[in-house]
Amino acid sequence: MNNYGWGLPIQASTFAGQIDSGLWIIHAAMIGIFVLWGIFFTYLLVKYRRRDGVPARRDEHGEIASLIPDLLVMVFEVGLIVFYALPTWRSVKMTMPDAKDALVVEVTAEQFGWNIRYPGPDGKFGRTKPELVHFSNPLGLDRTDPAAADDIVVSNEMHLPVDTKVLIKLRSKDVVHDLFVPEFRLKQDAMPGMDTPMWVEPNRIGHYEMACAQLCGFGHSLMRGDVYVESRTDFEKWLKARAALNPAPPSATSGGF
Amino acid sequence: MSSDHGHDAHELSFLRKYVFSVDHKVIGLQYLITSFVFLLAGFALMMLMRWQLAFPGRAIPLIGPMFSPDLAPNGVMSGEFYNALGAMHGTIMIFLGIVPLGVAAFGNYVLPLQIGAPDMAFPRLNMMSYWLYLPAGTLMLLSFFLPGGAAQSGWTSYPPLSVINPGQTVWLLAMVLLITSSLLGAINFLVTSINMRAPGLTLMRLPVFVWSEMVASVILLLAFPPLEAAAILQLMDRVAHTSFYMPKDLVILGQRYAGSGGGQPLLWQHLFWFLAHPEVYVLVLPAMGIVAEIIANNTRKPLHGYKTIVFSMLGVGVMSFLVWAHHMFISGMTPALSNFFLVTTMIISVPSVAILTCLIFSLQGGSIRYNVPMLFALAFLPLFGIGGLTGLPLGLTVTDIYLHDTYYVIGHFHFVVVTGSIIALFAGVYHWFPKWFGRKMNDRLGVIHFWGSVVSMVGIFTPMMIMGLAGASRRLYDPTAQVHNLIVQPLNVVSTYFAAVLGVFQLPFIWNFFHSMFRGEKTPENPWQATTLEWACPSPPPHGNFAKTPRVYRGPYEYSAPGRATDFWPQTDPS
Amino acid sequence: MNATAIENPDTHSGISNAKLGVWLFLASEIMLFATLFTTYIVLRLSATSWPWGWDALNVPLATLNTVILISSSVTIVMAYARAYDRDVRGFRLWMALTLALSFGFLIVKAFEYGHEFSKGIGPSTSVFYAVYFTMTGLHGIHIIGGIIVNSVLLYMSFVQEDWENPLFLGRVEGAGLYWHFVDIVWIFLFPALYLL
Amino acid sequence: MSKQTAAAHDPAHDEHRPNVKLYIGVFAALLFFTGLTVAVSRLHLPRPQAIALGLTIAGIKAALVAAVFMHLWGEKKLIPKILIGVAIFAVTLVVIDVLDGIWLTPQDTSRMAVADQHPDESAAEPPAPAKPTAAAPEAK
């Protein structure tokens, strides 16, 4: 994974560029403001150092002058909000793709790993029951439910087709986790008891990292998984291979502890 | 106030005079010393963490074998211990270090003097605040040695993790004590500054520091109770097994959680940040007040835009209650709410920028005296500026998606609080030291302390900003376990070395403080030729402060008034 | 302290330190209970079902408690009126009555709790009971605080020096303010938990 | 209470002259409203109306206590000002948190499991009036 460096990681999703442009604009402005203030500040420090026989001069000019920098900052911020933050936030976090047009993946976080579930050919996620949770069945999938029979559950490995909208339903089994894929510029807390939707459209084939970014216990730093963005055909092939590993539909009595 | 006044006639016992004192000056110094001890303790915890971050998996040098095997087997820190250090570093530094230092220590000593009052409005309540704070802090520190250890869920204590982790109960109890102490203190400061100002000292003649204390007290008074309630609910979750923050059907490490479920973990985050964001302004406002005092005094001219500063502080105070959820943009909170908090966050930056602008403009036309307090006060301006500016991409919803929970947040916050608040508090110590002890701190040691501290602070926190931009996550016990942190890992080493340097450069300060207390150069009553009321009484002030209630004739910063023989015109000068 | 207040009216709010202090304390208490009510509303809205007070709790006992608490608010304000007229016997009588009523409230509350515990219901039973026990419990702690303050005042009325202290009336008013606030909290708790 | 009356009593104090008749009147009103709110709750009004009515009655009672017993009526301006400020912050806290609580989507599994785990809870009562939006359809 040569995706990381001393600057921002490579961009691998459709909105990564938008987020980066914001980062660049803000940092350029920040450095600009800081340098200008710094020059002015240094000038004041040198010019008005104490010298014998030169008394302090009380400035009698109004307080309005001190509001000018404020005004500039405000204009800049209003511009950022109106033309950048609001529309981008709307498209990245507020509008979710329709489940019909997107690949729906369910990611369930737990201490300390990720469970990725694909709905299988029927496009439906099967029922889960907390009492069925077992180390061999991390989600407590109820295989007696017909919709659950073809569900594919993978640990710490998420395969996504390139150039496809992916709707991720983020869940947690225990504590608050956070799904962070630096290359996607994507981050979202997984809140237990909630279904948090998020979406991404990967646009670059590659191998990325899905890390937990919210303190989740003693093994927090070990909680990571891999994201593979593949071509459509590679993805389908992988999905088929995984589906073959699914157990045959069991009788109603099995499962559980 | 009541029967025990009768005993004032004879000499107070040592215990009543220095330990259970009701004198605001003694309580102020008690707070000062105690909070510095807690700052040192927090620093020590941080050094341990920094060792682990720079050299994960290597045994802690020298003291490693001294830890019990469940904290650090073979001297190598465990994940639990690291998380406990992280949680306690944050808690101690913020709640036990900087807030008591800025609000309570300086507030207690300086505020009554600056308003010409004989003492606080409720002296015994004041003593009670301190004697709640000290056990709370001690309990917090002792929790490392109690069964279950210290809290491990970050200073933010997000449930469900905090409900299931060991150690949290003691943290919550200590917090409830501490909050009660802060509330009593806040009430005391507000009543004192509303009711006990010297005649002639109208609101618009108050020193900026008094204003900053008042706004900070309002924030403490109204923002702390929600956290107190939230902490009680979390305590119930832990002790009585209720489910305020525990949703249904949790499966924790393979075990079903036994509680009834039906709770809302997100609710804690709302209640916590409803306090914790205003809390940042509690950390920063007194610092700004101190800097304003020192700048006015050492430029020998009135502050530029006194009114702007005062109203901006009030604006910051009010707005600080309306921005809390910008810490929760990606928490799963309704995304539409984020837009509201985005706008309020940008609004609150306006008064903050105004204060900083006024302080910088105050230098213009001055006759700047570069003494040690002024050096610290001047360093505050650009460094706090960095802290403020780097808040911008974090306050902006979109860029926060990427920067949230990275080292960028750590860098930003520490620029605000360390190179902001702590630097200003150091300035305050150097500035008011002559008032406290009638002696001056050594200048040469002060300058060494200044340059050493500022350079190493910048050296610690700048690498964090770079790491954050590269995507490195915070709160990782072993940063090398996640691939995306690997390349910038050398910066962690840089930070750690600078942190050690910072520690070394605090030694001259500590020595200087205690040495000057007894051996320092004696100073006159008003060594800085200042105008405000605290310099109109003897140093150190006797019990009751002023021989007779002072009368105030003018605003706080009448320096270099035209047509006067001296370049300062004290507030009490009737001419 | 009060001498200063008269000397400099321009820098004094005209409200005594004690009263201002109590009001500021009540301000923080308002935030505390606002938070608890927020919790109540949020949990109730996200719950699949929420029991009705008449089914889950003992409403007649709670109504009795409401009447007791309202009466104690009246008795304490009567005690204030007696103190205002410097009638020490009247003050003691009304204050003692207030204390008796507050103990009565706690006893009724204890019966209520005992009844629920005997049915095997506790704070961990459900979110509803968690809210119920926590909010009434915190309110009960406030009642105990009030009892302590009021007892001290009753005791002070027996000490000549304290009774004649010009600050005494202010203290009674401050204690009254706190007690009325505790009453107001109950006025909201009662319908929120038992009736709606 | 005006400055003069307080001053007539004791110049250092700002206590209010008690009005015993008014206190008794308020006491009667409080008892009446308590009875009313209990009686209304027996009527089994639909929940939204019941909640609105109950809160209105509680509000009236609280206002009476605050205005008369706590002497807010006629208190110096500073204290109502403080209270208004507090009210604004408290309302913000309540409104934002409640809005967030309403808009969130809880997991469907948690709602499914309610009935079989806590039959007592979900027995007689109809669900609360303002319910969060239903969970995503494809998950079931």
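Each chain gets a letter, A, B, C and D, in the order it is written, and its residues are counted from 1.
Here is the rule we go by: a contact is a pair of C-beta atoms (placed from the backbone, for glycine too) under 8 Å apart; a residue touches a chain by one contact, two chains touch by 3 or more.
Source: prediction; values computed, not measured.
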item	value
By count of C-beta pairs in contact, the leading pair of chains	A-B
Chain separated most widely from chain C, comparing mean CA positions	A
Between chain C and chain A, distance of the C-alpha-averaged centres to the nearest whole Å	48
Gap in Å, rounded to a whole number, between the CA centres of chain D and chain B	36
Averaged-CA centre spacing for the pair chain C and chain B, given as whole angstrom	34
Whole-Å gap separating chain C and chain D, where each centre is the average of the chain's CA atoms	15
Numbers and ranges of chain B residues touching at least 2 other chains	194, 222, 226, 247-249, 260-264, 266-267, 271, 332, 336
Of all residues in chain A, the ones touching two or more other chains	130, 193-194
Shared interface positions of chain C, touching two or more other chains	5, 13, 15, 20, 24, 27, 31, 34-35, 38, 42, 46-48, 126
Contact footprint of chain A on chain B as seen in their complex	78-80, 83, 86, 152-154, 158-161, 164-165, 247-254, 256-257, 261, 263-266, 299-302, 304-305, 307-308, 330-332, 335-336, 338-339, 342-343, 346, 349-350, 353-354, 357-358, 360-361, 363-370, 378, 381-382, 385-386, 389-390, 392-393, 396-399, 401-406, 466, 469-471, 473, 475-479, 481-484, 486-488, 559-562, 567
Chain D to chain B touching residues, read off their complex	78, 86, 89, 92-93, 96-97, 99-101, 103-104, 106-107, 109-110, 113-114, 117-118
Residues on chain B engaged by chain C in the complex (per definition of touch)	1-3, 117-118, 121-122, 125, 183, 186-188, 190-191, 194-202, 221-226, 228-230, 232-233, 236, 240-244, 259-264, 267, 271, 549
Residues of chain D that touch chain C when the two form their complex	3, 9-18, 20, 23-24, 26-27, 30-31, 34, 37-38, 41-42, 47, 50-51, 54-55, 57-58, 61-62, 65-66, 69-71, 76, 78-79, 82-83, 86-87, 89-90, 93-94, 97-98, 100-102, 104, 106, 111, 114, 118, 120-122, 124-125, 127-128, 130-132
Of chain C, residues touching chain B in the complex	1, 4-5, 7-8, 10-13, 15, 17, 20-21, 24-25, 27-29, 31-36, 38-39, 42-43, 46-48, 122-127, 130-131, 133-134, 138, 161-162, 165, 167
